[in-house]
Structures are given as structure tokens and as C-alpha cells.
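The following block contains the structure, expressed as C-alpha cells.
We call the chains A, B, C, D, E and F, going by the order they appear; numbering starts again at 1 in every chain.
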């Protein structure tokens, strides 16, 4: 009886499209196969729910994702100069 | 202090409407009443949050819901023929 | 395809026992029946997961539940006097 | 390795806008700072995910939030008269 | 920035042990690899949290898992006789 | 009506104790204050639930936390030598 919830950022700004239906289908079958293979779970009782999260709603390092990425990029550039 | 999260598929494709506001209100009062009756919880400290999930974001049996349902229908039809 | 997560406090301190297996079974059938009756969901694809949360891990009103309840009781007593 | 999920109502009806990007950024930094200060967690491995929930999808006291608030207001008005 | 939560039943009754640390490690690397391969996510910002759920806390088909399994077994046996 | 769920690792191995009740109380009041200050939420309808997660149940970088930390330490030591 597994239940899996996958939260991922919806890339591309407020109008971002997130992963395609095809990519989501690959995630669903991939995760289900893992649970069957490693824990002998049954696919028929394995649920997977995917949530797309807007970039401004996801924080890491104390910053929303867009600001966090901008900062990481700046640091990398500075380190190279 | 109960907190209940109900995740349900938003039926009807990407433009699907999911349950009506009336149906959600019935779910909220129904779940709250259960918690009061079975566990003597107080309604004032019982929260219910309903999430509608797009069909392509929900997987079961290793397939997104639309493909899963198509497959189940095909099997049933085959079994009847 | 509903998935329902019910979080409730485990009453009775760190050694609290929470709801009995019988009460949990009543919650499971009660919530499933609601989803069948209101939204025509199928029991076979309805999952319910119950989480018991220790009192010190649940906060409301800016306080852990034990302190919150003590405060509410004090206010009620004061109001009556 | 903290993961924090903040669910808040999206105020203002079905067309409500919820908190601004600026307010979300303040929540993200505020929660991260708390975890650093109280538990010595590292910001780089602290994730915060904010979910806005439509008013009709949130229930308290056995009612969807709009009906609950209307009832609370009515009670307060009645108490004052 | 993916966050994955995997809920699985802790098999073997109240004293059940659930999956081994080795099986959990395989799940963690397996899910992370999927997110890297399908969505080009970075492992360093991919979190996986595994929750083991006691059998009596998981319901399906309106029954706690132990009763549900007993019922399925009975039906299968009846069908074979 | 905010609901906040904080998941943190239970440090110190399988017998780890996690944060103290005092630290949890500080988290609860801290998060509640943030929601009051930034979003004008009411403490009485703000719930905070803290989950402690065993180290072997938390993965990052494709590894359970203990292995991940060992690897990070090794890299840092190698870089210094």
C-alpha cells in the first residue's frame, strides 16, 4: 500500500508549464517499478501524486528559488573571475 | 486538534471542474462530524483541507489515471466478450 | 482515487495511547463512506492514512497543545469567578 | 535537513491573489532563520514550500471558511446587540 | 528542487520492522536517479522522506489493511472452491 | 487559517532524541509569530505540526543522511589536504 507524493518546481515563471504529461507518466511508472522491485509492493495498490509548485512558492537557503539560483550563479561567476 | 487532508482527482480533463462547492461543504461537515462522534474532537479545532489533483498528476497501477481507467475498461470489455 | 490523511493528537502524554484500533477502523469506514456517498468514489481506490501526533509536537495559538489547553482552562476558570 | 510546508488560505474569493511574492519571501527567510537559530540547521538544506488553498477548500468548525467567518461575525454582532 | 514523500506500510504487525535500512537506501537512490534522468533535477537539492505507517493506521476499501487483506484472501479462496 | 508542517531529522541515530520540548515550543511560537506579523493571521487558527524523521528515513543527494554527511565530510577533508 504505498503512497508517494512528488513535489517539483514548475519551471519557467508564473506561466511555466512544468513537466510534460509524458514526463509525469515516466515518473509514475518509474516510482511504481522501484516499489515493486525493492519492496515487492503491488502496482494496483501504489498511488503516486505529483504536485507542481510555482518557483516563488519554493524556498531554499532562505530565499525563493529564483533569487537562490541568481545568487548561486553570481557566486560561481565571481569564483571564476 | 485534528487536521484532515483530502486529495481527490479533478474529473473531466484539464478543464475539469472537480467537486462543486456544495459537495466540498458536505465533505467538510461529514469528516468533522465523524471526528466529533468517534473521537470526541471539537469542531472549532478541526481543520479540513481539500486538494484537487489533475488526472495526469495522479498515478495508480504504474499509469496516470486516464490510461489506467482505459486499461481497466478494456480488460472488462475483453472479459465480457 | 481519493487519498485522505488524518492527523490527530495522541492524547495522554508521551505514554498516551491515542485512539484504539476499533476507533481507527470506524474512522476509515466512515471517511470512505462519505467519499462514496458524496462523490461516488470507489472504496477499492480510496486510501486513508492516520497519523498520531504527540501533544508536544502539535501547536495552536502559538503554544504546544498541553500549554494551550492549560491556558484555555485558566481563562475559563477566571471568567467564571 | 528540515522541510517546511506552509498552507495558507488564498484570500479574496476564487479570484483572490493570496500573499504577494514579497510576503512569501519574508516567510521563507523567517522560517529558515528560526530553524537556524533554534536547531542550528543549515539554510542550504532547508526547504520551504508554500501552498495557497482556495477558501472553499478549507474547512473549520465543520464549515468552509467563508461560511465559518460569516457565522463568527453574526455571533459577534448578536453578542454586541 | 524535488521533495518526495514515500509512505509505506510497516509489515509484520505492531512489532513489524518495515523495510531494512538497505532497502530504504535503494529507494532513496532509485527515486533520486529517476528525477535526475527524467527531469534533469540535481541530486543535491532532491530530498526523499520515507514514512512507515502501522497496518492499523492504513485503510483501503473502507477497512484497515489487515482486515482488507483477510477479506481479499477469503474472496480468492471462495472463488477457487 | 494557516497549517504548518515542519519535518526535521531526529539527530543521534536510532536512539536519537531529536529537539527538546523546549525547542519545539520555540519553533511553534516563532512560526506563529511570523504568520501573524507577515500575513496578519490569527494565532488561534494557526496550527503547527512537527514531525521528527529518523536519519535513515531521510535522503538527500541520493543517499540516506548518515552516508551523505560522511561523504561531505570526506570531500571537505580531501580538499583541505
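In this text, a residue touches a chain if its C-beta (ideal position, glycine included) is under 8 Å from a C-beta of that chain, and two chains touch if they have at least 3 such contacts.
The shown structure was predicted, so the numbers you read here are calculated from the model rather than taken from an experiment.
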Where chain D and chain E overlap in contact partners, by chain label: A, F
Interface copy of A-B among C-E, B-F or D-E, judged by whether over half of the contact pairs recur: C-E
Centroid-based (C-alpha) most distant chain relative to chain C: A
Relative orientation of copies chain C and chain E, as a Cα rotation angle in degrees, nearest 5: 120
Computed distance of Cα centres, chain D from chain A, in Å: 23
Gap in Å, rounded to a whole number, between the CA centres of chain C and chain A: 30
Cα-centroid distance, chain C relative to chain D, in whole angstrom: 20
Per-residue overlap in chain A, given as positions that touch at least 2 other chains: 1, 3, 7, 27, 31, 47, 49, 58, 60
Sites on chain D touched by chain A in the complex: 21, 24-25, 27-29, 31-33, 43-44, 46-52
Residue ranges of chain B touching chain F (in the complex, touch as defined): 1, 3, 47, 49
Interface residues, chain E side, partner chain C - complex: 7, 53, 56-64, 67
In the complex with chain B, residue positions of chain C that touch it: 1-9, 19, 23, 26-27, 30-31, 34-35, 38-39, 41, 45, 58, 60, 65
